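What follows is a pair of complexes built around chain A, which joins chain B in one and chain C in the other.
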Partner chain A sequence: MTLMTELLINVTNGLLWGTVLGAVSVGLTLIWGVMKVVNLAHGESILLGSYIVSVLLLFMGVDPMVGMFVALGSGLLLGLTIYWLNLHKIIGHVDVINLRIEMSTLLEMFAVSIILYNLYSFFTRSEPFGIGIWHLGPTSYINIGYMSVQVNHITAAALSLGATFIIYQFIAKTPTGKAIRAVMQDSQAAALVGIDPVKIKMLTTVISIGFTAFSGFLVILYESAVVPSIAYKYAPLAFTIVVLGGLGSIMGSYIAGIIIGGIYGVSKVIFSLLVGKNASDPLALTTAFVILVLTLLFKPEGLFGRKR
Partner chain B sequence: MKSRLAISMATIALIIIIAVAVIAGAVYYFLMTKGPAEEFGGVIKIGVTVSLKGKYQREGDLALKGMQVAVKWVNEHGGVVVGGKRYNISLVYYDDESSPDRVPQLYSKLVEEDQVDILLAPYSSTLTKAAAPVAEQYKKVIISHGGASDSIFQQGYKYAVQVLTPATKYLRSIITLLKEQNDPDIKIALIYENTAFSSTVAKGAKEAIQEEGLNLVYEFAYEKGTQDFASIIEEAKAAGANVLLGGGHFQDGVALTQQAWQLGWKLKAIGILVAPTLPDFYETLGDAANGVMAPAQWEIGVKYSPEAAQQLGIEWYGPTNEEYVQMFQDMFGETPDYHATEATAAVLFAVKAIEKAGSLDSDAIRAAASQLDIMTCFGRIKIDPATGIQVAHQMVVIQWQNGEKKIIYPPEAAEANPIYPATNWWER
Partner chain C sequence: MVNVKEYLERPTFVLIILVLVAIALAKLLRLETTDYLITIMFFIGIAMSLNLIMGFAGYVSFGHTVFLGISGYIFALIVYYNVWLAEMLDTLFGIPIFLVAIVAGGVSALVAFLVGVPVLKLRGAFFAIATIGLDFAALYIVKAFIPIINPEFFGAQIILPAYALAYKNNVFVAMYITFALVLITNYVVRRSRFGMGLLAISEDEDAAEALGVPTRKYKLLAFALSAFFTGMLGAIFGLNAGGVDENLFNLAHTIDMIVMIVIGGIGTVMGPLVGSIIYFILYDTLLVTYPEFNLVILGSIVAVLVLFAPRGIIGIIRGKTIRGKRLRDIIE
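Up next, the complex of A and B:
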């Protein structure tokens, strides 16, 4: 295979994966950007959606295209539960989030993360759960000349674009969305003009976790099968992407996700030339975190974030 | 002078005759080993991930070595002939670090980037379950050599096939062997660990006991980590059981056997999973180990041979058992175990399926695989055409006899006769 083809294959793959990473990060940028809640249970929230889709398909024969709405719904419910159980007492009635409050929410979310992780491990016995042979349409992969691409990967990219577009429009155009942005910019001022910050904080948590669970469906489309430890693969990447894209910026996160995917593809080729194919994969993932360090050093507000 | 000339003429003639004979022999040998000269078609790529780090490091390393032996043997013996052209085979592999979250992407990579023609599954049922859906999406045949779980083959996968005995049949060989003893007084106690694997084995064992018309008088599933079996054993004794089947992992298998011995349970036969196949079993239990049987996918002394295959009327493929062990030792300086041999068998099965299909098309290979019924150094291999699950490969049964581990079943692999009833356990 020529270097050119190898590059093409890896970049195509990287960009397709990038759309999934982008969607996975959108939920995090909302909850982190608006409420300063460092959602350490992000990976587990993703997995909720993956498992719902997989279990519905395997045990009840529910088509994943229907299952994804159940995943979204259960994510919204999880968001509601997390808000009232873990977050409301800490952030519900405060206007300025200081470091002490941020640390408390971080610990709360850490607890949620551990609880969910262990529940998943217990119920799945850490065995892979997947969507097996399911795919949209008559064929499971298509040939695009230099490589074959799974239809599921294309489906994931298309759904990720569509869903992100919808949530972007929601935040940008609807009154609720505007209220969310108002609280993000200045919670006290928002309250002065009649926005109920508690309602907005609850809504943001619910939307954020709901969208994250939905993105879990994209993850399972991309990975074919998931295990609990996949949370530790996606959550750190999502944090990097949110920082790169700029805290609270939906478009920023989505584009940053695609950028990270692309960089992953390119660096895989570079590393496979340098250290051989076998070792290239983990090193290419490391690149993403090098980018995190560089972003924090030189452009801490992120590519699309506001200067503070 | 004349006679000296005659002698030297005769000598020259003799030398010429010998030289001609040697050259003719060499040419003949060359032609025979090369076979009819097919045009060289290239390389067929077999893709796989192996666990070189993490939990399955040891098993993964052995599996990889087993595959490498098979690849070397196949290439040294003319490769694969597909469509009139001769191909060599090569192995493309990545390290999956024993982690199911790395497997799907690596298998995508094997198909997309390396464009492999056929896949082998990783070691263990868990990793196989992570790889099979990817193979299915890309419509590549994937051969399981280390995934014994039946459930892999109950999910409707079209391209997954298995060369090793599935979990539900682990105890079947021992049960068949019991049946063959024609003993009217067999009362079985089934005592097994309550884990996914052992429960599946027990489920299959119960079906086999019923099919063979044997008598199951006691059943108990103990929790993982159980070390005290006294009350369970007393219950089983009270139920009149005289055959013990079950176990789970090493520790509990040893504890169960030891306590059955110490509590004076008179048994005609003892069949325990996993533990007795390891040398530590005898070292720990001494005389109590004698008579104990265990199922194994493969053991180093098995007597599968081209002659045994001929008797069954099926084809033999691959190195003979001695040849295989020798090659393995020459290449890696250690002896193979079943993790290695089942991987070897997977490569041999892949090659045979491709050859029979006469094409590299996945559907053709899968269809050809359904029709194969071959014997290798790993034993007989034949899959169920619909599900791909293994139906012909039998677990070999080992029994400790006077401190030595002997293969006693099936007859085509056995090196010793079974001792039944186990004298030291029954007549004490």
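Up next, the complex of A and C:
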């Protein structure tokens, strides 16, 4: 296999993975950007969707294309629970969110993440859980020239594009979406013009965690099986992508996700030339975190974010 | 001449001495197994090390387990490749272990310093996330290069050869010295000008800067010091476990550290000390009775504490009043 083909294959796969990463990060950029809640339970919210879809398929034979709506619904419920149980006391007011409150949300969501993670470990016994060989359509692979691409990966990319477009339109066009953006810019001023910031914050939490759980379906399409520790792979990447895309920018996150996926593909090829094939995958993931630190230092507002 | 009586009136100082004496007594009288004592010192020690940067300066370092990993691996590699050194580890009551651990901790401190120069410019959540990124970057680098360095290592795991293992008693001595150092450093820092500067940073960094606190220098020093002790503890703990693997980089250790500090109370010396003792006892008993749910229960405790007692158990105690006098005035 020549270098060019290998590059092409890796970049294609990286970009397809990037769309999943982009969709995964959209929920985080909303909750973090709008109300400064550092959702450290993001990985666990993703896993909720993955587990709901696989449990429905394995034990009840529900098609994942239907199961994804159940995943969305369960995510909305989780969001509602988290807001009233954990967040309302910290952020349920009109005042500006300062650094101290931000750190409280961080610790609180960290506690939520510990609880959810260990519940998953308990119920799944940390064994892989997934949709197995399920795929949309008659074949599981499509051959394009030298490449064979999994149908599930293409499905995931298409769904992520569609879902991100819908939530983008929701935030950009509907009155609720406009209210969310108003609270993001200045919650006190929003309150003056008749928006209830507390209600909007609750809505944002619900939407954000719901969308995140839905993106868990895309993750399981891509990974085909998940273990709890996959939360530790996706959550840090999502944070990287949100920072790169700019806090609060949905399109920014989605594009940044694709960029990170593409860079992952390219650096995988480069590292496999330099240090060998086995070491290339972990080193390619390292690149993402180098990008994170560089972005934080040199362009802290991100590629598409507003200046802070 | 230090006035002994004056020191005895300070509850934090008394508590530190009590803990040190209790552990020494438990060892001498064989009340607990050496392994148990080493583990409890490790737990309290890492909480107190993180306290230097998280408790005093208010910078929550989520990737602090990276220093456990780095020093653990450095220690294992040094011992693995220097047979003469490995054979020396078991002599002189564990002093050589302590010295090699200092080297390993020094590497962590150096990494913390180099990384801290850019990363400590970030505040709040961004710093926390950058340190998570640092942890994963280091983990993936170790995963990639350890198998290349020596194909005999199974994956990224280094199992120490038999000649490099030390008697538990010697490991205990090395751990005990390090542990005592961590506690004393915490106490000294808290009472010094340096510690006051750090507390000022955690209250309001811009105001502290304006008032002439060298914030940059202080933050770097605290971060490096914290990394140094975390690294030393990680190195000795790795030796005690007989080898290191990538689990040292697991965020679970960060969970331990942060939960201990939050339970006890942020910003004090006593808080993490009390918090980590409570945490360890809870963790240990819950592990026996509800092995699957112990972290679920501990997580719930943290969630409730952050909501209703953000200053931890010490914060609750300080706020109470007895016979019209505030308890805070009595214990300080």
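One rule holds for everything that comes next: the second predicted complex is superposed on the first by the 307 of 308 C-alpha atoms of A that agree within 3 Å, B and C clash if a C-alpha of one lies under 4 Å from a C-alpha of the other, contacts with A are read in each partner's own complex, and residues count from 1 in each chain.
Everything that follows uses one rule, which is that a contact is a pair of C-beta atoms (placed from the backbone, for glycine too) under 8 Å apart; a residue touches a chain by one contact, two chains touch by 3 or more.
Keep in mind that what you see is a predicted model, and the values were worked out from it rather than measured.
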Chain B versus chain C, judged by how many residues of chain A each one touches: C
Touching partner for A:Glu127 - first (chain B), second (chain C), both, neither: first
First (chain B), second (chain C), both or neither touched by A:Leu48: neither
Which of chain B and chain C A:Ile259 touches, first, second, both or neither: neither
Which of chain B and chain C A:Gly276 touches, first, second, both or neither: second
First (chain B), second (chain C), both or neither touched by A:Leu8: neither
Contacts of A:Leu203 with chain B and chain C, given as first, second, both or neither: neither
Interface residues of chain A shared between complexes with chain B and chain C: 278
Contact footprint of chain C on chain A as seen in their complex: 32, 36, 38, 40, 85-86, 89-90, 99, 102-104, 106-108, 110-115, 117-119, 121-122, 232, 236, 239-240, 243, 271, 275-276, 278-280, 282-283, 285-286, 289-290, 292-293, 296-297, 300
Residues of chain C that touch chain A when the two form their complex: 58, 60, 62, 118-119, 121-126, 128-130, 132-134, 136-137, 139-141, 143-145, 147-148, 251, 255, 258-259, 262, 292-293, 295-296, 298-300, 302-303, 306-308, 310
Of all residues in chain B, those that touch chain A in their complex: 94-95, 99-106, 108, 111-113, 115, 125-126, 129-130, 132-134, 136-139, 155-158, 196
Contacting residues of chain A [partner chain B, same complex]: 1, 6, 9-10, 13, 58, 125-128, 130-133, 135, 140-141, 147-152, 223-227, 229-230, 233, 277-278, 281
